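Attaching a single structure in structure tokens format; questions to follow.
Labels run A, B, C and D following the written order; every chain starts at residue 1.
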Amino acid sequence: MTVVEMTCNANSLEVARVCENIESRGGQARVVPWPEGPCVVAVDLHADKAPLAALPGVVALHETKCSFPLASRDVFASRPAMELADGLILGQGVPLVMAGPCSVESRRQLLETARGVKASGASVLRGGAFKPRSNPYAFQGLGSEGIALLLEARKATGLPIITEVMAPEDVEWLAPHVDILQVGTRNMQNFSLLKALGRVDRPVLLKRGMASTVDEWLQAAEYILAGGNSRVVLCERGIRSFDKSTRNTLDLSVIPLVKSLSHLPVVVDPSHATGRRELILPMSLAALAAGADGLIIEVHCAPEEALCDGPQSLDIPAFAALMGRVRHLAGALAAGEEEARCGLGIAI
Amino acid sequence: MTVVEMTCNANSLEVARVCENIESRGGQARVVPWPEGPCVVAVDLHADKAPLAALPGVVALHETKCSFPLASRDVFASRPAMELADGLILGQGVPLVMAGPCSVESRRQLLETARGVKASGASVLRGGAFKPRSNPYAFQGLGSEGIALLLEARKATGLPIITEVMAPEDVEWLAPHVDILQVGTRNMQNFSLLKALGRVDRPVLLKRGMASTVDEWLQAAEYILAGGNSRVVLCERGIRSFDKSTRNTLDLSVIPLVKSLSHLPVVVDPSHATGRRELILPMSLAALAAGADGLIIEVHCAPEEALCDGPQSLDIPAFAALMGRVRHLAGALAAGEEEARCGLGIAI
Amino acid sequence: MTVVEMTCNANSLEVARVCENIESRGGQARVVPWPEGPCVVAVDLHADKAPLAALPGVVALHETKCSFPLASRDVFASRPAMELADGLILGQGVPLVMAGPCSVESRRQLLETARGVKASGASVLRGGAFKPRSNPYAFQGLGSEGIALLLEARKATGLPIITEVMAPEDVEWLAPHVDILQVGTRNMQNFSLLKALGRVDRPVLLKRGMASTVDEWLQAAEYILAGGNSRVVLCERGIRSFDKSTRNTLDLSVIPLVKSLSHLPVVVDPSHATGRRELILPMSLAALAAGADGLIIEVHCAPEEALCDGPQSLDIPAFAALMGRVRHLAGALAAGEEEARCGLGIAI
Amino acid sequence: MTVVEMTCNANSLEVARVCENIESRGGQARVVPWPEGPCVVAVDLHADKAPLAALPGVVALHETKCSFPLASRDVFASRPAMELADGLILGQGVPLVMAGPCSVESRRQLLETARGVKASGASVLRGGAFKPRSNPYAFQGLGSEGIALLLEARKATGLPIITEVMAPEDVEWLAPHVDILQVGTRNMQNFSLLKALGRVDRPVLLKRGMASTVDEWLQAAEYILAGGNSRVVLCERGIRSFDKSTRNTLDLSVIPLVKSLSHLPVVVDPSHATGRRELILPMSLAALAAGADGLIIEVHCAPEEALCDGPQSLDIPAFAALMGRVRHLAGALAAGEEEARCGLGIAI
């Protein structure tokens, strides 16, 4: 495939000419309307690429054999830092921590938890209003009422909010209200949903499917990118393996692996990965040491009363303690990297 | 949970009284409007059940601890034979074989394949018009044009058609046109889609998720049943394991296991399970020997030209040969079971 | 690699000359002293092979890129039928059924079970004397006393016996006493054990490792073959997957797959694979339909009293019923294959 | 089960009386001759335990339902720090790093690598002389010649050595020569080998089986402990999952999990886990952050010439850089823990 990178102010005529050039010579052109500047992905274009490079508005041509060209470092060695919400920029200084309850259960529960995580230093409030439950008779979330409570909590705390979206028809109306949209592990290859998310101007946190390879995960991200939405954050949350001693098997090796393949940021969800409260602190530290850009953690003001996922929820004091350790480690890792860069790490 | 089985002509007032009774005593009532007679599922009803049994229109109360009560044999030891299309009844005599191309590619390809599988004895024509593809740049199916071609092939051959539906918003318009709707492995826990399928009057073939347990699979079926649609056919298509010598790992043991837990019919897809043409015949025979009610097989009039899944597609002569073996084995299995029933099997 | 096939009466001088030729030209020679005629495997011989072919005693040269040359159909398209014990030839007519208790527990238990399985038509008596148990405090088998009981049962019934060997130091003394040696799933890559088994003149039933690929399984068989023992029977017994609804996941697709790659016979153990008594009959039939050469089944005269694996053991009447179905199906499969061969299967 | 803890100078008569007491009342007694003081494990003792407590030499009785009593924190909340070799005590200050080549290939290679890892701060030299290889024709290690080279390298550098033992018959002669014996992933449930290792006075590094649950792993350790050898170090080296983007799936969550269940130390092998050189540094840091007591890392003086596992071997400068980062992180983690202990971590 060939990715045609265009200037940020390329006009629609220039884009159309690029497409025409590709299609007139046997390829298929797909316009990717990123706000930071459009791209055109040329598929099956086996003819000479040189004429493309000469067209007005074209910045660069990138050839790749990768199955996820827009997500790949082959094409974009790096990308501008990603703004997740007003002034909240991923990858600057401290790791980003998103925290909050598994599901929004009540006004009191959400506000108390939101204030608690804010006070401990969380940057984003998480909370599920639409819940994917294995059982049709289980609590399915408060729905739009839950969204209203999240908006109230955002107003009360100033924290941007992230919530899961499960159906393509909910994307358009939900996007303007929330700061970040989340795709759950069961929907990683819900292609209708991914296409709908490609059309909105909101960052998307894309959880890895519980049986998805790294390649499939990055191709799922590519669906969103190719639709025109360049802000995708990957989230490792554990995979299914034969061993049930933890709820899932947290696969931290994918963090440095994905970062070598892709410019997309990666965060880790140690709560769903382990399913056990006492493992969340060590696995949060391990995730950061492996290079994660952030964490998403389940916190509940009263875990023993939680309608779902209580055993894997931290209470507020435990979360505060975790944040202390997280900040300390993040500082140390940055210093260690710096020291290594200066060559001090090698001297004995 | 308690399932309240009602007479087939129970009226809405009688149903309402059952719900009221449940809810007035602390439970939650969920009406299941099956055409064959409504049910009411009572969740969290810990009070005495006797008053319910006395209400007009109530046939029986079924108590169960099972997470999929409507799908479970605990509640319905057996169900009436399922009619998949006009006169096509599952579980009567010969195993049901659905066959056709992975995706509808052209008028010629579809009609030629449809005539071939019909001549060899297939009962249903399969063909994908909406294709779930890992890669956003891969061929995504012909969409509604593909549906039109399927309708033409149905007219030409008389075969009922089955096709995949990927998005909740496609269910309502698609259902009246096709005979059976298929849910793919990646969508087994797409709960929005399952809910939409619960509201239509069409049989649903529900493929097992590639990393789904038997319990999760039956709960996914329960979503459709609980929505009011009682015609769900389960389809085993292989799971993900560590071994890549076949495309997936065909888990045939779940056939007798599921049949002991549930009254729902089970068919097997040996094409996606193995991914290798030469393994389809032996695994089709094995599926029937394990007790499958039918098979769904990829057939293409020219597999070497297929746009997807060519290596796992049979050509028409190979499919005809397979049907000969299938018919022979089905007869032998029925005879063996009959012989065992008469006690001849035990004598030496 | 190159396999040099030699005449069955090639003498040691002729073999030595082949080795010398290989090593003088940069390769490594490994003599495989099969009783049916020696082979020499040449590793890393990149020089011209023609001079080898001209040496006395050489029948044929086989080139292969396969990692298991002696086990591969690349080298030996087929092999002479394998004699497992006096007059018991695998692959002739009816499928071979090995049956008996998981472990030898007492004289009474073993003799009663042995007589029962003999009367129902089993060909080999199985029974563990050395038991691989996950827990060091669990019953570890009767050891050599168990072997003595097996010998008594063989005398009483005429059935050849198969038993597991766990340690390399037990191979030499045990081999002369028993008819078939079994390698358990945990020992499939116990290379010291495999090497010891390569040196004895007894057939070896090699169970697939619970997390072993087909390629690793065939390489494990190659260890035994390369040691000089040509009689290896492969046994699929289920692999580990994420789903715990059966004890293991029975992977029947490997039967036709392995048979396309290798000339070695394959049997199936539905008892350990499923771990549930009620699934053994259907999965035995499925194994035969998939092409298995035989079955190995746990039978106990009183399963409810078994010291281990009771829930997956058949009692004698259930085993007799299974044998009836097995015989019936084996006949039908042979007839179906014959019919297909005559072209009748294709006609509609 | 009941574990009877005895004084370190309990004599054999006292131990015999404990056994007699257990067996006279229906239990089975198993003497565990730990050098630090014997234990007796009572299995199936359902009678009153009080008389046991009163016997001379008995320190304490520990009741447990755990399947690995000696390895469990239920029985021994903690154990004395483990001395791996003269003066090398695990769990004191800096994490222990074992490093060296996958296999001993030559005098030059081993000595150069040994000097390199010593200079960079490794505490133990690893090197395989007996290699478990999937293929019988692959390089199987230098055997006893490799051991001789390891002894020379120990003399030259002062580093204690660890090497793999594959066969029970090698344990007794090998133990006096090496400092630490290693059990590979394929042998985790080679019970003959584990029993042999229980009888020697050498620490054992027990790698987790690639498809073993945590419970099976700890029971495998229990085999060694129950044989009389109390020095077992657990080693996580990745498990098999569906995803092949790394060689294995490193399961770091088991570190805090195992540490909550058992007093045994845990080290991590990021080399075999990831199979990719560039992932070793981040995963080493992650392992330490998750709480590992040490690391075992493949280092080769010239990885591109390695006979096996070259792609996952670090060269010496890369290992030196890793050690710099390891030391830095270890310090920071200790400081972070200390800070949290003093309550500073919670303050904002």
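Just so it is clear, a contact is a pair of C-beta atoms (placed from the backbone, for glycine too) under 8 Å apart; a residue touches a chain by one contact, two chains touch by 3 or more.
In this text, all values refer to a predicted model and were calculated from it rather than measured experimentally.
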(request) Using the touch rule from the top, work out which pair, A-B or B-D, shares more C-beta pairs. (result) A-B
(request) Count the residue numbers both subunit C and subunit D use at their shared interface, divide by all numbers used there, and answer same if that is over half, different if under half. (result) same
(message) Please compute the angle of the rotation superposing subunit A on subunit C (C-alpha atoms), rounded to a multiple of 5 degrees.
(response) 180
(message) Taking the mean of the C-alpha atoms as each chain's centre, how many Å separate subunit B from subunit D?
(response) 50
(message) Measuring centre to centre with CA averages, how many angstrom lie between subunit A and subunit B?
(response) 34
(request) Mind pulling the residue numbers of subunit B that touch at least two other chains? (result) 211, 215, 240-242, 244
(message) Applying the document's contact rule, which stretches of subunit C touch subunit D when the two form their complex?
(response) 1, 30, 41, 43, 67-68, 132-137, 166-169, 186-187, 189-192, 209-211, 216, 219-220, 222-223, 226-227, 240
(request) Can you check the complex and tell me which residues of subunit A touch subunit C? (result) 211, 240-242, 244
(message) Quick check on the complex: what are the subunit D residues that touch subunit A?
(response) 119-121, 211-215, 239-246, 249-257, 260, 273-274, 276, 278-279, 282-283, 285-291, 317, 320-321, 324-325, 328-329, 331-333, 335-337, 339-340, 344-348
